[in-house]
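So, here's a batch of structures to check.
Paired with chain B in one complex and with chain C in the other, chain A is shared by the two complexes that follow.
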Partner chain A sequence: MSFSPAVVSAVRAETDNSRTLTLDVDGWPGHLAGQHVDIRLTAEDGYTAVRSYSIASSADSKALEVTVDKLVDGEVSPYLVDGADVGDRLEVRGPAGGWFVWPGTDDRPVQLIGGGSGIVPLMAMIRSHGDAGSTAPFRLLYSVRSPTSALYFAELMRRAVDDEHLRVDFAFTRETPPDWPTPPHRLTRDTLEESVYPPEDMAEFFICGSTPFVESVANWLVDAGHPPERIKTERFGGIGVSP
Partner chain B sequence: MGFFSSGFSGRGRSDNPDLPPGQYLTESFPVLSAGPTPRIATDDWEFTIATETGKVHRWNWAEFRALPAEDVTTDIHCVTSWSKLGTGWRGVSLDTLFSGVETSAEFTMAHSYGGYTTNVPLDDLLGGKAWVAFDFDGEALEPEHGGPARLLVPHLYFWKSAKWVRGIRMMQSDDPGFWEQNGYHLRGDPWLEQRYW
Partner chain C sequence: MMTADNVLDGNAAAGPLLEIFSVDLTAAHGRCDECGRVCALAETVLYNHAPGLVIRCVGCDAVLLRLVDNGTRAWLDLRGLSYLQIDRAQ
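And now, the complex of A and B:
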């Protein structure tokens, strides 16, 4: 697998700290929901930097969109969030990853659990599920600081209303929207259990977030009786600090 | 090269000759795992080497820890592009573990608690190149980093250094392990940038 030239064809702010870039890649083969791409930037003097980003777009859309969260001490993410403009060029390698994917080929229940910007590959799954008209029961639990730092907040609310096979639960850890039914809270063993499919539903779990988030949630699920082999995890973290 | 990303100047230019192509330095120790972290008590732990003839060599934790161990200072390189230089480990050399093992097979599959597998040619495990490590930075290896013990094969991308390792099975052919079946390279040499196949 080698790098292909890509052009930024659209940019869209998601939060104060993140945005979605649409990338046009010649001969883009399409992707599965949950996969990532490597993005390579080249400076004028030939210096290059490569980072991996989860694909946000639906597998059905054939478009390549990535949502990038700016890391305080990052090298590539500040350029992608603040610098890159429509028409700018970079390189893309991928799609990659054959494990943390929802292929959309069966109707088994799927429980998604995202922390912060860990929502991105899960959003690709939700969009693919919706676009394909899948009847697989889907449930998302999204743990995030506040409504303004939540990615895709409006779209998630809309999809949850429109799609009877999708349920969305938020765990706002610092601040909720006005008149939200529950006060801000951190996920705990108990609140987690109330917000996900029980073990007897035999759901497949996808968890994505920082290492401490994924570590806690996966351990609680295993303790609650969910078989480890039905829990797939993806962790970012340790590299750079999200503000 | 005529191609550049307008306005990108980069920050981390490093002339460090210890950094393989496409890698950048990190001071932290990121965690990458495909699933939940298995919890293995050392009382329940064992390590095995199974040869192509079916002979199985076994060590429980006490037997394993009674083997001569070495301090290893080495650089590690993750396929997700971070490298960490000068990391400190303590472990048992695979040369020690294989000293009583008779085999003519050239390939191995490392197996882990939790079901993870990764294939490694035997040549990459012997000759002072690989260890079963139980300490990191002078402390018992944390479960999320592979404790009680992980394979350490630092000259290959770090997914080859199987966390929670429980055994090695000899193979006649180079069959792919877990990540290798999911798109990653069969051997994974960071200096040749063998990331994907």
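And now, the complex of A and C:
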């Protein structure tokens, strides 16, 4: 599999710093929740840059949507967030990744834990779970700075109300919505344990966020008795180096 | 993943490996030839700012896989892996 031409068919602001792009790719085969695509941009002088972005859309939708958070000093994300317009052309390789995926084929409990923009592949799982009418117990713990920097905040609140099989917990680290029951707090070993399924529920864990976030959370879970083989992780960094 | 100005785990090697292999190798479990640790390639450490990809063991940091692809020819070095266990598609 190599890169295929793609056309930006819609753009939607998510937060001040992020945007969702819908990409049309001829013959797009669909994807599994949790997969990503590699996006390649080519400059007029032939210089290319490739970056990976998680797919945000439901596996049921067949649409390819990626949510991109703008990185300071990024080479690709500033264009995707501030520059790209409907009709723009780029190249896409994927869907890629067969590990950090929720195939939606069983009813085991699933615990999702996202830090910041690490919510994106988890959102694809939540949307797929909802669209398929899955009765697998789903729980999300989303650690994020503030309501305005939270991706999909309104949709998550709505889905949590509408879907009895989905529970959503937020850990706002700097600022909460007005009248929020808990003050801003960082996720710790103790607050984590209060917000996730206990080991006896045999849940499968998906953790996505920055490397320090993912490693802290995964280590706390293992210490609390969750088997490492049921914990899947996806880490990202943010240093501006091209491949 | 949203990344990747410098991606740090093996999940992000999925695309480049799909250029060569028809199955996803990041879900395959590999054994580090140096320390014996077995894990999914997705869970390894990925350096992509070399002229290619370098995947290292999370346990001992030994190089497991190197891939350089210039578009017309690819070089793949798997010396650091004793084996790869690939689950066949159902």
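Definition applied: the second predicted complex is superposed on the first by the 238 of 243 C-alpha atoms of A that agree within 3 Å, B and C clash if a C-alpha of one lies under 4 Å from a C-alpha of the other, contacts with A are read in each partner's own complex, and residues count from 1 in each chain.
Definition applied: a contact is a pair of C-beta atoms (placed from the backbone, for glycine too) under 8 Å apart; a residue touches a chain by one contact, two chains touch by 3 or more.
As the structure is a prediction and not an experimental result, all values here were calculated from the model.
J.: With everything superposed onto chain A, say whether chain B and chain C fit together or clash.
T.: clash
J.: Using the touch definition from the top, say if A:219 reaches chain B (first), chain C (second), both or neither.
T.: The answer is first: A:219 touches chain B but not chain C.
J.: Which of the two partners, first being chain B and second being chain C, lies in contact with A:102: first, second, both, or neither?
T.: Neither partner.
J.: Determine, under the contact definition given at the top, whether A:152 touches first (chain B), second (chain C), both, or neither.
T.: Once the two structures are laid over each other on A, A:152 reaches no partner at all.
J.: Touch test for A:84: chain B only (first), chain C only (second), both, or neither?
T.: First partner only, chain B.
J.: Considering only touches as defined above, state whether A:120 meets chain B (first), chain C (second), both or neither.
T.: After superposition on chain A, A:120 lies in contact with chain C alone.
J.: Which partner does A:52 contact after superposing on A: first (chain B), second (chain C), both, neither?
T.: Both: A:52 reaches chain B and chain C.
J.: Looking at the overlay, what does A:69 touch: chain B (first), chain C (second), both, or neither?
T.: second
J.: Quick one: is A:43 in contact with chain B, with chain C, with both, or with neither? Answer first, second, both or neither.
T.: first
J.: Of the two partner chains, chain B (first) and chain C (second), which one does A:208 touch, if any: first, second, both, or neither?
T.: In the superposed model, A:208 contacts chain C only, not chain B.
J.: For the superposed three-chain model, which listed region of chain B (5-13, 59-67 or 149-157) is the one that clashes with chain C?
T.: 149-157
J.: By the touch definition above, which chain A residues appear in both interfaces, chain B in one complex and chain C in the other?
T.: Common to the two interfaces on chain A: residues 1, 38, 50-52, 75, 93, 96-100, 211, 232-233, 235-239.
J.: Within the complex, which stretch of chain B touches chain A?
T.: Where chain B meets chain A, its residues are 1, 3-13, 22, 24, 26, 28-38, 80-82, 114-115, 144, 178-179, 181-183, 195-197.
J.: Spell out the part of chain C that touches chain A in their complex, as residue ranges.
T.: 1-9, 11-12, 14-16, 18-19, 22-24, 26-27, 40-43, 48-49, 53
J.: Which residues of chain A touch chain B in their complex?
T.: So the residues of chain A touching chain B come out as 1, 5, 38, 41-44, 46-52, 75, 79, 83-85, 88-91, 93, 96-100, 211, 215, 218-219, 221-222, 228-229, 231-233, 235-239.
J.: If you look only at chain A, which of its residues touch chain C in the complex?
T.: Residues 1-2, 36-38, 50-54, 67-69, 71, 73-77, 93-94, 96-100, 117-118, 120-121, 208, 211, 232-243.
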